Amino acid sequence: MIDPNSKVLLEVRDLHATVDGTEILKGVDFTVKSGEIHAIMGLNGSGKSTFAKVLAGHPAYEMTQGTVRLDGQDLSSLAPEERARAGVFLAFQYPIEIPGVANDQFLRLAYNTVQAQHGKEELDPLEFDDFVREKMKQLEMKPDFLDRSVNEGFSGGEKKRNEILQMALLEPRLAILDETDSGLDIDALKIVANGVNRLANKDNAIVLVTHYQRLLDYIVPDYVHVMEAGRIIKTSGKELALALETHGYDWLHSEAGRALGTQL
Amino acid sequence: MSAALQHLVNQPYKHGFVTNIESDVAPKGLNEDVIRLISSKKNEPEWLLAFRLEAYQRWLDMTEPTWQNVKHPKIDFQAISYYSAPKPKKKLASMDEVDPELLRTFEKLGVPMHERAALAWVAVDVIFDSVSVATTYKEKLAEVGIIFCSISEAVQHHPELVKQYLGTVVPPGDNFYAALNSAVFTDGSFCYIPKGVKCPMDLSTYFRINTQESGQFERTLIIAEEGASVSYLEGCTAPQFDTNQLHAAVVELVALDNADIKYSTVQNWYAGDENGVGGIYNFVTKRGLAKGRNSRISWTQVETGSAITWKYPSCILRGENSVGEFYSVAVTNHHQQADTGTKMIHIGRNTRSTIVSKGISAGQSNSSYRGLVRIAPTATNARNYSQCDSMLIGSQCGAHTFPYIQVQNNSAQVEHEASTSKIGEDQLFYFAQRGIDAEEAVSMIINGFCKEVFQQLPLEFAVEATKLLSFKLEGSVG
Amino acid sequence: MSSVIKDDYLTQLIASWKAEAAASAMPAMSWLDQLRTSAAGRIEALRLPTTRDEEWRFTDITPLKSALFPRASVASSLTGSDIARYTLDDVPNRVVFVDGQFSAELSSIEHDSGVIAGNLSSLAREHTATVAHHLGRLADFQDDIFVALNTAFLHDGVGIIIPADVSAAAPIHVLFITSQPEQTTYPRCLVIAEPGARATLVEEYVALRDAAYLTNSVMEMHLARSAQVQHMRVQRESQQAFHIANNTTVIAPDACYRAVSLTLGAQISRYSQNIVLAGEHAECAIDGLTLIAGKQLADTHTFIDHAKPHGRSQQLHKCIADDSARGVFSGKIMVRPHAQLTDSRQMSRNLLLSDKARVDTKPQLEIFADDVKCAHGATIGQLDKEALFYLRSRGLSDAAARNLLTYAFGGEVINRIPVASLKQQLEKLVLVSTQVN
């Protein structure tokens, strides 16, 4: 929800980043206020997933220029875990399988680490079990999921639900959902979207990185951005997503597109 | 196995004819006198004779390796003739002076010896028994400073280069057959690509064994200076005899900073008949030294011939960021035995290697992949990926995988995968149901199986290899 | 080798064998004497392996030769409290050997379980035909010097018979304790699962003090038709010990063998496991975890022999090596001619925690049948960077993420242990040895 009085949560200025010496992000400017939902769209290779990973501090990417601030705090020198504790959450496009680490063990460790950071009470295994099962119910997850290894042998839908479950546990300030809709059938998509909507409030913000407009039917953004060649080239309201769905991305470059764009 | 598949394999060897040409053959047996004879016939400098004699002394103290997964009767090294050359051997002023009988032989084999008749932009050095008989496009190559000639010629005209590099990658005492080769090698190809030169055409050597009782011991040396690159092709055939001939070659490659050597082999030596009588013993040592930073050595081999194959084209990755590659298809049928693979020795930092090996066994044959990946303590951030797949056709053959992985640096990432599959009746039925007969289906399945390797071959070679494979396996599935 | 150069080590052993042949606890039966004598004959014909032998290429046992420990003859008298930390709460059946001697006081077997378990010398008297049929017939001593030594010095051992269709609910714990330094023990174990029998076995080697000694152990196991055996093996000898062990298991049609082996102790250890799938539809799953540090060398050699059609085998071997430790794995899978429809998977995974640690791995396939599914793989490296990032992005510190992943790497094998108390014990042990700050 857009509230002119809410304060800036994330502020990205002229962000450049490289991977293996190749520049992928070439000056991203991006501002998110509390309570807002943003969608970043773009073709494959436009840099949108890189942007998500750079915000989370993936070690393979090097930030070469610009600033990234969360609640005014500079993130650029923070390790991934410090960003996580500061409230940045990335729901991965391809959550990695970690054989041997039981899900409940992992979830509790992550939860307690973040709780401790905020000076809040940590939960013992029994308390945590009650707590997490309640959250799982909302996402319609099977109880046996806790005993399995992290993401190992999970279907695409289960992996994505697990990501949203983690988001529910960690209660981030800024949640970045990277292609969370990919690989989901319509029922799973609704469950995941409901989960996300339930977590959205006036104090946090959500950034959806997505290819398709489909997800945006269920999680309605306040702003839609188009990314291309490592920059955000257009920002508009949610109608932009529909226009992209109908006309593709090319029209952004055509005369007609620009005209249409001005109307939006 | 269906009859159609059985039938598919058993086509006769089409390169099995003998050329009727007079040869200058040394008496059988090996001793210092024979080595001196070879050296004097070739008018060699003293240092090379010393090199040979030292190798011979080493060889006398060595025993034949027995660890490989092959069986053969003991080789009588005194029953082999170590020198055989087509007679008369005089200096040829041009290709037109080559014995017409020889020209016909190579035409029959599909090897273009007339530059004007060449179907592709390929320079060819032709080795007949022990001796190089012709090299094409020499002058063209010389214009950009490339030396491409027989190694005997190189010894005469570029002794400093030969002396500097010979035996530096495969030392004379490296192994039993390499020592033997170092003592008696008769000819082979030499190739030198100067600094910064990208060789404008593929270079190729065509090997032919013709004489029944001679061994073939050729020696190939390729040097790519800083920033140079070359693609080199090698093909082999031999006539059909009911005795075994020994082929013990040594190939050495040296790549300096930013140099790139790609070495492709299609080996189709006579494999013996369907009862395992006759055929070549192909005991070869091939090794490349990626000496310089960012250098690359890539081996691609399609091994279809020989009664026994024993070869492990290897890469020593010494230079930082150097790359080694090995792509191999080994096909065995009837009673053939192949024990082949590679060694990737990582010494420099950030060195990378890739191994893709495809073994296909049919009939009563046995095919083994044997490979070593060693990451030395100095090889920080080394990477290796190996994939070894086997396919068995019929229930009397064997497929074996023996990878050795030795890691002494914890920043290394080494991955090895291997699997075995077969051409299943259900697969053939699926093809049949779509109107594709068994022969076609087998050919498609096998070519699909080998695709990653064939993609590495230069185009004409890839076509040749594909044909050779279908031909080879004709009748094996049924 | 045509001529055998006898080393002093074996010469002295042969001399001591002759001196003490009469001292065996085993009953005086001619077949036993014959077995021991023919094994002794093989010692004379064989020699100690060196790194020139392909099967010992990565494992140099030279230090063993300079430490010729006499056979343990007198056992320390121990009480239940001395070994309390090694007993398992949920495992009432226990056969205990101290310094090579059977300890009746420390052992206990619930007789209503239907399982026949105890010391081999008693078993040989009471079930002579069964024991004579298998003992020394499964583990090959013709070509293996250490099996030959163990067989020649056969003094006593553990004998377990699970009669036909008996399903032993409680596991059986076989515990070999070394309490004295500079001695050699020759643990021997014979396990016979009759048709349809089911049992779970824990085989464990422990030391009461940190000393140098040699354990040379042999276990023979026979699974008759449709039998099911689960076999946990825990080697936690002292850090200075030598441990050389052989397990040979023969699996009849429709029988199923599952093993989890842990290698934690010893300065130099070698575990050779030979499994023969000798009947159609025989099945095995053998997993292993080696966790070593300091200057330990741990060598695991496995050989899975698919001799008959429709066999299934699965193997996951993992090694975590820290400091200057060296892990060796050689795993051969053989598919004999006509062993069609074999399904075999093998994976060797190795984690190097320090820049001095080293791993040599050699997975091998030898396949002589065409209608089979076989695959093997090997990986060597450090922790997965993407997994580390994933954990860190959820707030775990770098050290915590590394510890968790290292533990999990081993945990994957530990999780396959079906005995709860043992699993907990080992979880703690692995947790402690995989944590750094």
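The letters A, B and C name the chains in turn, as written, and every chain counts its residues from 1.
Just so it is clear, a contact is a pair of C-beta atoms (placed from the backbone, for glycine too) under 8 Å apart; a residue touches a chain by one contact, two chains touch by 3 or more.
Since the structure is predicted, the reported quantities are computational estimates derived from the model, not experimental observations.
No other two chains have as many C-beta pairs in contact as B-C.
The greatest centre-to-centre gap from chain A, using C-alpha centroids, is found for B. Per-chain CA centroids place chain B at a distance of 44 Å from chain C.
Note: centroid distance chain A to chain C, computed from Cα atoms, is 50 Å.
Averaged Cα coordinates give chain A a centre that lies 54 Å from the centre of chain B. By the touch criterion stated above, chain B contacts chain C in their complex at residues 67, 375, 377, 390, 392-422, 424.
By the touch criterion given at the top, residues 384-387, 389-398, 400-401, 404-405, 407-412, 415 of chain C touch chain A in their complex.
Listing the residues of chain C that touch chain B in their complex gives 54, 58, 337-338, 340, 350, 352-355, 357-382.
On chain A, the positions that touch chain C within their shared complex are 56-60, 79-81, 83-85, 89-90, 92, 95-96, 98-101, 106, 109-110, 113-114, 117, 149, 166, 170.
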